Structure formats: C-alpha cells, structure tokens
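There are two complexes below, and they share chain A, which is joined by chain B in the first and by chain C in the second.
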Partner chain A sequence: MKNEAKIFAKAFVAALAGKNENGQKKIAKNFLEVVARKKKTYFLPKILKELELIEKENEAVLVLARNLDQRAVEEIKENLRIKLGKDKKFKVEIDQSIIGGFKAKTNNFLIDSSIKTIIENIRKKLV
Partner chain B sequence: MLGIDWKILLGEMINFLIVLFLLKKFALGPFLKILRERKQKIEEGLERSMVAEEKIKEIREKREEIVAKAQQKAMEIFDQGKKKGDEKIRNSILLGEQERLNIIQAAKKETQREIDKMKDAERKREVESALALAEKILGEKLDSQKDKALIDKLLAVQK
Partner chain C sequence: MEILDYLKKEIEDLDFNSQKEEIGQVIEVKDGTAKISGLLNVSSMEIIKFEGKEEEILGIALNLEETEVGAIILGEDSKVRQGDVVKRTGKVVSVPVGEGMIGRVIDPLGRPLDGKGKIESKDFGLIEKIGPSVIEREGVDYPLHTGIKIIDSLIPIGRGQRELLLGDRISTKSSLAIDVIINQKTEAKRPICIYVAIGQKRAKLARTIEILEKSGAMEYTIVVAATSSDPASFLYLAPYCGAAQGEYFMNAGKDALVIYDDLTKHAWAWREIALILRRPPGREAYPGDVFYLHSRLLERAAKLSKEKGGGSLTALPIIETQAGDITAYVPTNVISITDGQIFFDAGLYLKGQRPEVNIGLSVSRVGSAAQTKAMKKIASTLKLELAQFKELEGFLEFAEEVDQETREKIERGKRMMMLLKQEERNPLAFEKEVLIIFAAVKGWLDKVKLPDIKQAEKDIFEYFESIKPEVLENIKKTRDISPELRLEMEKGLREALQKYEV
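Entry: the complex of A and B
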C-alpha cells in the first residue's frame, strides 16, 4: 500500500519535470482525476507524504565563498545535477570561511571542494 | 785389770748382740723395706714426671705447629679475600664504567630525540605558517571570476 503511494508520487513528480507552471497545473489536475477515477482518493494523504519525502530528497545546498553572478551559479548547479541527480533543487548559501571553491550537500551526500578543506587535507598530510 | 769385770762385759756384749739381733729382725728390716718402697715411688714419680714433660713438650710442639698452620691458613684466607676484594673492586670499576657509558649513550639518544622533536615541531610550524599564508593570500586574491574558474576546474576533476 505504501509502495503504491510512492509509485503514484514518483509518477507525478516525473510528469511534472520540465513543465512550466501552466503545464504543471494541467498535470496536477490530470493526476487528481486519475486518482479519483481509480477510486484511490483515500491514498492522497499518503501520496502527499511521499511527495514531501521526494521533495526533501531533492533538496540540496550549494555553499560558495562569495556571491557569483546568476549565470555562473546556474552553470554550477547544472554541473552538480549531472553528478547528484537531475531533480536536485539547490539552495545557495554564502560562507566566506571556505575561502573559495564550493561544497554541495544533499541529505545523504557531500561534495567538499572548498579551498579550506583542500588546505586542511594538505595540513593533515604534512603536519 | 783396769777395773773391768769381764763377766759384766760379756753379759753386756751378749745383751748388745741380742738387742742388735732384735733390732735387725724387727726394726731395721721394715725400715729398709719402707726406704726401698719410697725410693721406688720416687723413681716412678721421676719417670712419670719425665714422661709428662715429654708429653708437654710434644703438646707444645704440636700446639706451635697448629698455631703456625692456623696462621698460614689465615694468611691464605686473607690473601684470597684480598684477591677477591681486589677483583670485586676491579669488577665494580668496570661495571661503573659500563654504567657511565650506558648513561652517556642514553643521554645522547634522549638529546637526539629532543632535537628530532624540535625539528619536527619547527617543520610543523613552518607548514602551518605556509598554509595560513596560503589561506590568507587565496582569500584576498580570489575574486568572483577566479573563484568561478576554480570551481569549474574542481567540477571537472570530480568527473
């Protein structure tokens, strides 16, 4: 039963991918119609929970040392989506202590390519 | 003649002879026997005394011999003790020397360890300084463009 809700949620998210706002609204309407037609409306709270989980799974944080222009940030995000998953939604944070480079964090993965960490690794090897 | 009464004289003579006989029979014999016995005792005593003297002499000689031997033994023991003592002193000196060398060796090692530790600490300080300087320079010199270029390179390395 839980798996069925997950399948619905995943199908819904897959259908939304790459659509604009109107397209997404249309997809949402169609999705609800399908659920109603299949008499699975009692599943909707579980499907919502699954959607929340998928949303959380797709949340990611991109840490930069300084503000970069929007285009540069988007390029970095695109590059990271290739590695971490195309559905990842990045929240950008600025942390000057990392000096340069970047960190990308998801709920179960971390890419740490900050200058701070690179120097720290050199320090560990030499000291 | 001469007023001598030959009868009385004869009687006196007979009396004398009788007394002489009686003396000889009853007094002189035992007296001589006693004298002989005493003489024999004296001779035995003298003999014993000579034997005793001999024995004393012998004992004295033996004692002197024993004392001499004891003295010799004592000297030997003393010499041996002295030798052992000297040997012990020699060994002690050798041991002391060895111990002194060990202490010097240990001190050398400890000093070397300290020097190595100091060198290591110095090297670590130098590395820390260099890295701190690198951090500072990078923090100051990196602008948005350079940072973006660096991020692109880092992303490329990630592939």
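Entry: the complex of A and C
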C-alpha cells in the first residue's frame, strides 16, 4: 500500500520550493483546494505529520567550539551540504567541550571532526 | 625507548579524516529496550553502540520499522538517556570462542565473570547461525555416556543428539545434567562441556561451579551465565552464545556437549522482550516465533559427516514443567524439536526413586544406534524384563497366590528397580554399568535380599576393581562382551557374591 499522505506532502514541498512569500501562500491555498477536490481532507492530519517529518529530515546541527566569522561558517555549511544533502538547514550551536573543529549532525548522519573525538580516539588506541 | 617508538608509530598511523557516520537518536528507553529514530540502513540483529555520557553501551537492533528502530540494550538501561547518539557498527552479534574459553565462566557476550583475567581468543562465533545442512550431517552412532544407569541402558543418548530433560521444580534435572558433565572426565573421547545457566540464582550458580571445580570437571567445561539479576537481553542471548562455543569445537572435529539450563526461563525472557517491543502476543502471551526461537537453537546440534571433520554437538535442553504437565505450550514445542525426552516424575521423586525418571514417558528417538555392543546386548533383556515386571506389578495387587515363575519375575524386577536407583554426584563409568546390569539381567542378584542390593553392588565393584581389573579394562577397550569375557565376568560374580549365598 502506498503512503498517500507522504506523496501529498512531497508534492506540496516540491511546489513550494523557490517561491517567494506571496507565491507560497498561493501554493498553500491551491494545495488545500486540490486536497478538498480529491476528497482527501481526512488525510490532512497525516499530511501535516509527514510535512513535519520532512522538515525534521532537513534539520541539521553544526556544533562549533567558539564563534567563527560568518564567512568561515558559511563555507563549512556549503561543504557539508555537498556531503549531507543540499536541503539541509543548519542550526549553529556553541559547545566549548569539543575543544576545536566541528561536529555536524543530522537525523541519520554524523560527521565528527572535533578535537575532542580525535583525542578520545588516541586514548582508545593507546589504552 | 621501544615504547616511545611504538607510541610514535601508533600516533602517526591514526586516521584523523572524519567519516560520515550513520547515527540515530534515542527517543525512548523502557525496561531494557530502546526506541531509536534514524539509523537508516541498520540491519536486523546488528550491534549498535549507545554513546552515553559515561560509557559506551552495546545494543542489538531487533525491530526495524519505517522511521524507528527497536533495540535491546546489553547492559544497564539506566545509563542510556533520551537523545543519546546511537551508532551503527556494521557487525552482527558475535562472541569470542576457542580453547581459551575452557575452564572459564563467561557472560553471553564472552566477557569473563570469574575474575581470572582477560580471555585470549582469535576466533569469533556468530550468535545467530543456521545449523549444518542435511548433507553436512551424519547419523548419530557414538554414545554419550551419562554415567546414569537408567539412562545409558534404557534411554541412550548419542553424540550429536538433542535430548530434552523435563520435569517439575523439585526434580533433579539440573543435578543430573551436572552429573553428566562430571562423568565425561573418564570418557575415552572426552567432549568439551558447556553449561549454560539461564535465569538461575547467583548462589545456585556459584554452588554449581564449586561442584564442577571440586570434581575436576572445570578442566573441560565452559560456563555461560546469565543470572536472574541480568537484563532479559542477556538471558535471551545466553543459549545462542553456548551454541556458538560448542560449534567451534564441533567444526574443529571434536565433540562438544551443551546443556541449556533452562529453556523455560529463556522463553520467558524472550516473551518479556517481545512484549516490551510491542510484538503481537500469541498463546500464553508468547510471541509468534517462540517455536522458531528454540528450533533454530537446537538445530545447531549435529553430528557432522566425515568430510566435515566428524565433530559433534550434543544438546541437553532442560524445561521446567508445571505440576507435571508436559502438554503445556513450551514443553510440547521442545519435545517436538528434540530427538527424545527424559521425563522426571515428581511422584517417583516423592517415592524415593532417584533419578526419578519415568521410563514409560521417556524415549530416545536415536535408540540403540547410540549404544555400544556391550550395552546393547544386556539392555534389550533389561527393557523386556522391566516391562513385564511393571505389568505384573499392577496385576499382583489383585492376586493373592502366584505361581513360581511369576514370583521370580517380580522378585527380579524389584531388584532391577532397586539397582537402577542412583544417588546424586555418583555417575558410574561405562564398564561398571555394563557389569552391574549384566549381573542383574542374568539373575546373579536373585539370591541377594532386597535391602542388601546396594551393598552387593558395592561388593561387586570392589571385587572386580581389586582382583579382576582386567575384566573392566577389557569392557572399556572392546566395548563388547565376548564369550570369553562373559565367562570371566560370571566367574568373578560368583566369587564376589559368595557371602550372600544362603
């Protein structure tokens, strides 16, 4: 059985892409119209859930040891998008305990280049 | 200086290039299980790592769902927290196996529990593995002597066989299983023994280990322990770990014997895990795969063909029944999987029969193929005479006078029943079993008064050990009773039993 709610949600996100605010509003209205016309309004809660999942999928966290200048952060993000997917939206967090380097985390993947992990790895190797 | 160079090399070799790792996040922890989001490509039965604040804890992915993964935690679940990162390892569950394990007490992950230091082992055995295929197997033809007269003569167990021991709580199943291990000490082709304790009290386990150590049986025994205070995941893994240990020796062309004590607790542990993981409950709330749970475990016991090295893995699972009910769910399952069962009757236990084996309900489907020629010759008569005795005994309750022949049959039957009694921790060597059963079925003990039977047995052994040791030696070596040997045995018996002549 196909997950129809997921298909609706994906179509909605695809239609939204690249539109400005007014365009997005229009798309949202049209989307609801389509759902109603197809008599699938009872699907709306499920579609909402799927949308949340897609949103979550694109969430990503970039952990840094200290504030870097904007250009460096953008550069790191750009490179990470190549590795982790172009739609990822990074939220920058500051955590001094990683000492240096960075950690990038999405729902399914982790790229760990922090100094703390490197030191930890050396310790494991030597013990 | 050397250490410095070593360190330098180690540090130079370290790979600092960070990789894209597949992770997930703990969203829920309950009773030894965890629900994880993410872990996109994890496979079933894969080991995963919970990266906790203080330490890394291992887990096994069991339920793979659309967006979530259900896993069991191999360790304290209180140390796994919501939001913890979980990493894939890409490895399916395996344990270290090998010669180094012999004489040790280990947990189901192969870590030592006996405080005797690290275990060196190069080999790993898979926890979950499908047993040998049909063409890799061979018929069971070599006996595994238990040292228990009633079993070796009437319900023989062969190497590579699976024989179930089942009975109520009070029965002496575990104790008999330990006697079987102890008896292997004097066996010609000594099998490596593996005792898997599942859900037992720690005190009881400590006592068992002490018994094995005192009798010198630890030299060839591995104890795999998951006690009642361990998480259910350990209880679930323990028998598979035991099977993996045994398989190593089987594949090396040796014999191994593994005792699962007991599989009832194992089924309970699996039920607990399955219910918490929200798998649908079936009969008696067991999950649907409780039959497969035990069948895949016991199918790993086998006698391998010559081409495969001819090794064997014998399995003695133990099942605890409730009020002697062998038709409950788990007992019937395991009865149908194994090649026979030995039923311990609580009624016989209370009457003082030891071991309290119910001969009528016990069977070995391998049968006399797993008996030596010597035992075959005498056991067939024993079986017949006992059957006749049981029938007459019931009949006799109503008859007052019986003819001479019937009375003789009954008297002999009584003596045989007395002789088949055997105390705990007293397994008999194969040659002694043959000698004493020979004496009984050929009527040598008919003259001995019933209360004197045990003493007569001792006298016979003493006589043969001190005056005719070559007879015992001969039985042990040839495993047969030749006509000349038979004459020697008869001569010896006549002299040994002289003082009982009236």
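Worth pointing out:
Operating definition for what follows: the second predicted complex is superposed on the first by the 122 of 127 C-alpha atoms of A that agree within 3 Å, B and C clash if a C-alpha of one lies under 4 Å from a C-alpha of the other, contacts with A are read in each partner's own complex, and residues count from 1 in each chain.
Just so it is clear, contacts are C-beta pairs under 8 Å (C-beta built on N, C-alpha and C of every residue); 3 or more make two chains touch, one makes a residue touch a chain.
For clarity, every value in this text was computed on a predicted model and none was experimentally measured.
Once the complexes are laid over each other on chain A, chain B and chain C both fit without any clash.
Put simply, if you stand at the Cα centre of chain A and look at the Cα centres of chain B and chain C, the angle between them is 30 degrees to the nearest 10. By the touch criterion defined above, A:I76 lies against chain B but remains apart from chain C after alignment on the C-alpha atoms of chain A. By the touch criterion stated above, A:A36 is placed in contact with neither chain B nor chain C. If you count the residues of chain A touched by chain B and by chain C, you find the higher number for B.
Shared-chain residue A:V127: touches chain B; no touch with chain C. Residue contacts after overlaying the shared chain place A:L84 against chain C, while chain B stays out of touching range. Once the two complexes are overlaid on the shared chain, A:L53 sits against chain C while remaining clear of chain B. Shared-chain residue A:D112: touches chain C; no touch with chain B. Between chain B and chain C, the shortest distance over C-alpha atoms in the superposed arrangement works out to 6 Å.
Touched by chain B in one complex and by chain C in the other are residues 83, 111, 113, 122, 126 of chain A. Touching chain A in their complex are the following residues of chain C: 7, 10-11, 14, 16, 18-25, 37-40, 67, 85, 87.
Those residues of chain B whose C-beta lies close enough to touch chain A in the complex are 124, 127-128, 131, 134-135, 138-139, 142-144, 146-148, 150-152, 154-155, 157-159. Note for the complex: chain A touches chain C at residues 53, 83-84, 105, 107-113, 117-118, 121-122, 125-126. Residues 64-69, 72, 75-76, 79-80, 83, 96, 99-102, 111, 113, 115-116, 119, 122-123, 126-127 of chain A touch chain B in their complex.
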